[in-house]
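Next come two complexes, and both contain chain A; in the first it sits with chain B, in the second with chain C.
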Partner chain A sequence: MKRRTLLGGTIGAAVLGLTFGLTSAALAQQPPIKIGMSMAQTGGLAGGGKASQLGIEIWRDDVNARGGLLGRKVELVVYDDKSSASETPAIYSKLLDVDKVDILFAPYATVPTAPLMPLVKQRGMLLMGNFSFQVNSKVGHDMWFNNAPWGPADSWAASFLELGQKAGGKTIALLAADQEFAQNLALTARDVAKKMNMQIVFDQAYPPNTVEFSSILRALKAAKPDIVYVASYPPDSAGILRAVNEIGIGNNVKIFGGGMVGLQFGAVMENLGSLLNGVVNYNTWLPEPSMQNEGTKAFFETYTKRAIEAKVDPLGYYLAPFGYASGQMIEQAIKAVGSLDQKALAKYLRENEHKTIVGPIAFAADGERKESATLQAQFRGVVDKNMDQFRKPGTQVILFPAKMKSGDLISPFEAARK
Partner chain B sequence: MKRNGIFFWVGAAVFLIAIALMTKLITNEYPFFAGYVILQFIVLAVAWSILGGHAGYVNFGTSAFFGMGVYTAVFLFKVAGAPLLVQIAAAAAVGALMGFALGLLTLRMQGIFFSIATIALTIVIETSITNWRYVGGAAGIQLQRPPVTWPFSGYVQMLFFVQAVLVVLAVVVSRYIQNSWIGRGLQALRDDELAAECTGVPTLRLKVLACVVSGALMCAAGAPAAMYLQYADPSSAFNLNYSVSTLAMSLIGGTAHWAGPIVGAILLGTTQQLLTVTISSEVNVLVLGVMLVLFVVAAPEGLIGLLRRIRRHRREGKQ
Partner chain C sequence: MFSFELLLDAVVLGVLLGCFYAAVSLGLSVAFGLLDVPHVAHPAFLVLASYAVYVLNEFYGIDPLLAGLLITPFLFVFGLAAYRLYYETFEKRGSDAGVRGIAFFFGIAFIIEVLIILQFGVDQRSVTATYIGKAWRIGDMRIPYRLVVAFAVATLLTTLLALYLSKTFMGRAIRAVAQDQEALRLMGANPIRIKQWAFGIATAVLGIAGALLIIVAPVDPTLDRAYIGRTFCVVVMAGLGSMTGTLVAAIILGVAESIVLTLFGASWAPAISFAMLLGVLAVRPQGLFGRRS
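Right, the complex of A and B next:
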């Protein structure tokens, strides 16, 4: 009897499988379109990498629910690059030569991406960039497209310094971590300051992993700058804000912040709470009315649910929607071109404007955004230990760019802190 | 002994011929990318065990030497577009100098204090490079490879072969040291430095020699990495991971014999490469950790030590 039940069950399962198989035959007949990438699952970039990957995975599920691309399912092939530059050449070689992927996405951040640029150029592959900074400036690959809103190299510092100048600032203090991203920012800030005829009265780099900033801030305060431009990483961003809270920064500072990494992540923001008030900092996406596009709301509804399971940033504003946008751009390009021909896809991406959940995206010749869409936003009315406040509009008021502006700068900094 | 020597040289020649044939016959580039990393770790592990194994001076500064090799190559390439062989030779010279300085340190420091000083060495050098704008500073530097030299079809294939030559070189040196008076002297000073000195072993000269040779090989192993990655940044080049992996490879393989680090590097290096493209998540770090613990518990003298013990048991069993 038992054996018969087993037999019946097997036959039943087989029949069921067959009917299911037949209905999805259209999708199953052709091999999937493989999109290959490495993403930091471990190491310093893992927090961002995982959130970014979740954004891309949500796009994959959406596109497959719509029937895939070119009648084929979309599949992601993802390996861990351990946040390191030394892992990515071997991984991308595997993706190209062994897995034979159809499309390449870049890993999150500049360092793991930089060694890939010559490789993809040599192989004539399109590479969809993921939040790296000026990796293509020396290589000049004409099939590189960065999803980040940075735009021209100097626009980042320019937007912040212009805000400061409008508020009456003439002198600048630069405080930057001795690490890749922060130093790049400081470099452009110096150039922009020169162009705008502003005097740099304090210029200090500090070693990574510095936690105690009171002496540095005392020296900065003594220089009496009008504008304080900070380029820092998550642990030091918190350290700097704590020191500012402790010893103050002086009444002449009109604007403070600019390039502080970490103040975009839910956990860090929740932790710092009211210390954030008044800080003007860069961001990529914020829940202001001007940032809502077609599909944005639906994306964040899905993301918020899945972020808990995936144990990533509960807010996910910084990277995740841009991962989704990368997918949307590739989707539009493949649909328009009708094939996976890398050159044709690159031509389409370069020549057209693309609708995404983070707004329209158009690329310049170097593969960066034509116009900067990097936000400068001021924290307002933040209270301690409350994650949900960051989901509401008005907590981070967008000051730049003009198209997305949702308020005006409150200055001086000390007044804005209250 | 003599027959052993013939076997060794024939083995080395066969290895190099096989590598050369590989670069000609395999068109898929992935084996070269992955293999290069494994070969690089073999050189590092063999070089490390010259000082760490024979002399018993535990060096945590592998990443300092490796990174210095990378940046010597970057500097020479930027300043004069120096070819790969010049980069490697110069890196070896720089490494030898650094080794000499480290050797002098052993005059004052032994045991754990020496190890701590080598970590400090990494931090000091990394900070200096981070603040040296000419070689990219903290932001890193992108390099464009020159065209590949005949008879290789691709640059990665060439780097793979060059690294294989370095492997042979490192093993030859390590084997020579083990079998000569140098090795015996180093072993004596590892067991008891004072006793060795009293019995006439020139301990300082031997230690400095071991540091110089080990340093030169490590730096030389780092030099081609600049062209392999076509990018260099201080946090990747001086990554502590090189120190930890190298140490683990030597210990897992066993430091009592020149073949130990090779076995360890192949085993751990291959596992790391495989895990990267299979499990590819936090779990791969855990697997490596568990592997280390298992080896420390089950085979404290490494695989080579384990093998010897098994052989000895068998021999005793027969008697």
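Right, the complex of A and C next:
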């Protein structure tokens, strides 16, 4: 009996070893599945781009540790697009014609992604978008899927203005950077304000190199708005909040913020500290209990360790988990379809709901989210020079959407700042 | 909607902002205005100085202005070395050095940008001081203290630099190099050593200017690109090489920008600044304070 058990065990171990050996050999022999993308590693968008890339790299390492996809390892082919729209068409042509990648991920942000859309449509490639805003609205590519939680075009502004209206706001001031993304936000805000019968009392676009915002804030304050909707880029967001603190914004203002890029990044939040209090701003993921999903905790444990080495955003809430989610969606699609056929993958992505670390994702016909999951959250009780406070629930209270809500708006703005 | 109160606010804030522009342009006024060195890396040197100030403030708790003073000798030596490298590799070799010199300084600017990214990452950095984030109230008007500091420091810096260039032997030698390098050589002086010294001064000034840059707003590694146009605009409008002219031109630019931002719409601000530059050059090609050659 003992001898038979020993013999069985030996044969079993040998078979297992052989199988494992063969699988490893097969994994090593098969060419890898190449996922190609450009990413902002330098230039103005690099802060987001590098964090996003780290999220995708963590997924790559996880999926390879699980044995890869279709018995093949997953490899990323990444080039720096220097945050520039003029670089991306050439990079993606190279990815397709020279590197011969199997799957395309879009670069981070709207501006570098927009000029790619005609090329990708023409070549019949699936494109997993990365936080761009409405780049497919005019191109109509049926194999475009945006990982961002934006949803319908007007939902971003609508959620903010509805919060303002509920707080008694009737007039609105719009302050937006003179750039594609911010102007898109301002455009939808104007439409939504009109639908909600709100009067726009101040509407200005400022140039990207504006150094000092005191003059603009003084003019905005003089218009006495109830709601101040700001669509700004990272260098400006800090300047605007500093000026608000120094110049003041007036007692009428019920709600301030909305579309300020930069207030999602750890270093910026740590630098601004208590100046953030009261601001209601969009976000994508926050450490509130309602945002925890399967795998979220493990992802952030890995991210936090690797972010130090990679010198990227230590918190990584805004982009990194969505980079990982892009990988999860492609992984599920390839496993379900069993091939790299672009049309079949696109069909699967369009027709199914996908389980990710940022929650379930389902796409509408235009490749954007069916329902907006863009958060509007209010900063509360923030103190100066403390990064760890942002890792705890309650520092950014979620006001929208309802199913993720973790508190109510404190209004007016001046009261919320205290 | 016109309001006298808003206009007054705009003018006051514009003067303060202009003084800040002057502080960040003074070094270029020496390097480009007096020495004819196409120093397009000037804003990159400025951002580098800001990061040095950031390190001293963040890790050693030193006040940003004091930190700016502490790094000044190091920047002076850095300036001496940078000019010597430029002279040996480019300027010495011929008449087209100016054009090739631009490529040299662009290269230096990119190297600085990449080194800052490698060391500090791409995030914005800022400093803390008691005068940042608070404002001085005069009636309904509120003036940010950080701009008041920029005003005081820029005025002092301009005065000191103007006095140095007009009252000291070395200062007068620098101006002599600017006027006629060959005449100086005939008199037995070495114009290259004087130019090297002057470039050192132009870089040393960036210690305080870099401190002001990070006091006024947070910095990131690519911020230099935003200042190339603005600083060259100030220096050319002033009339190459005039220190008080630099201050006045910067104030004119600051006030124009501020009035346009407040009363007419922010989109117009850059266009107005450069339109003013073109206007000045059309009427006075030598700039507001430049001498007719």
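Criterion: the second predicted complex is superposed on the first by the 395 of 418 C-alpha atoms of A that agree within 3 Å, B and C clash if a C-alpha of one lies under 4 Å from a C-alpha of the other, contacts with A are read in each partner's own complex, and residues count from 1 in each chain.
Following the convention adopted for this analysis, a contact is a pair of C-beta atoms (placed from the backbone, for glycine too) under 8 Å apart; a residue touches a chain by one contact, two chains touch by 3 or more.
All figures in this text were calculated on a predicted structure; none of them were measured in a lab.
Engineer: Give one of first, second, both or neither to describe whether A:238 is in contact with chain B, with chain C, with both, or with none.
Structural biologist: A:238 contacts chain C only, not chain B.
Engineer: Tell me the contact category for A:42 with respect to chain B and chain C: first, second, both or neither.
Structural biologist: In the superposition, A:42 touches chain B and chain C alike.
Engineer: Which partner chains sit in contact with A:218 here, chain B, chain C, both or neither? Use first/second/both/neither.
Structural biologist: In the superposition, A:218 touches chain C alone.
Engineer: If we overlay the two complexes on their shared chain A, which of chain B and chain C does A:56 touch? Say first, second, both or neither.
Structural biologist: Touch partners of A:56: none, neither chain B nor chain C.
Engineer: Thinking of the overlay built on chain A, is A:114 touched by chain B (first), by chain C (second), by both, or by neither?
Structural biologist: The answer is first: A:114 touches chain B but not chain C.
Engineer: Is A:207 touching anything from chain B or chain C once the two structures are fitted on A? First, second, both or neither.
Structural biologist: both
Engineer: So, A:333: does it touch chain B (first), chain C (second), both, or neither?
Structural biologist: Once the two structures are laid over each other on A, A:333 reaches no partner at all.
Engineer: Quick check on the superposed pair: does A:98 touch chain B, chain C, both, or neither? Answer first, second, both or neither.
Structural biologist: First partner only, chain B.
Engineer: Regarding the shared-chain residue A:178, is it in contact with chain B (first), chain C (second), both, or neither?
Structural biologist: both
Engineer: Share the list of chain A residues that count as touching for chain B in one structure and for chain C in the other.
Structural biologist: Dual-contact residues (chain A): 42, 178, 205, 207.
Engineer: Along chain C, where are the residues that touch chain A in the complex?
Structural biologist: Against chain A, the touching part of chain C is residues 1, 3, 6, 9-10, 13-14, 17, 20, 113-114, 117, 120-126, 128, 132-135, 142, 144-145, 147, 216-218, 220, 222-223, 226, 229-230, 257-258, 261-263, 265-267, 269-270.
Engineer: Help me check something: in the complex, which residues belonging to chain B touch chain A?
Structural biologist: Touching chain A: residues 28-30, 32-34, 36-37, 127, 130-131, 137-140, 142, 144-145, 156, 225, 228-231, 233, 235-236, 239, 241, 273, 276-277, 280-282, 284-285 of chain B.
Engineer: Under the touch definition given earlier, write down the residues of chain A that touch chain C in their complex.
Structural biologist: Against chain C, the touching part of chain A is residues 42-44, 46-47, 50, 178, 204-207, 209-212, 214-216, 218-219, 222-223, 234-235, 238-239, 242-243, 245-248, 262, 265-268, 271, 275, 311-313, 384-385.
Engineer: Going by the contact rule at the top, pick out the chain A residues touching chain B in the complex.
Structural biologist: So the residues of chain A in touch with chain B come to 41-42, 78-80, 82, 84-87, 89-91, 93-94, 96-98, 110-111, 114-115, 117-118, 135, 138-139, 177-180, 182-184, 187, 205, 207-208.
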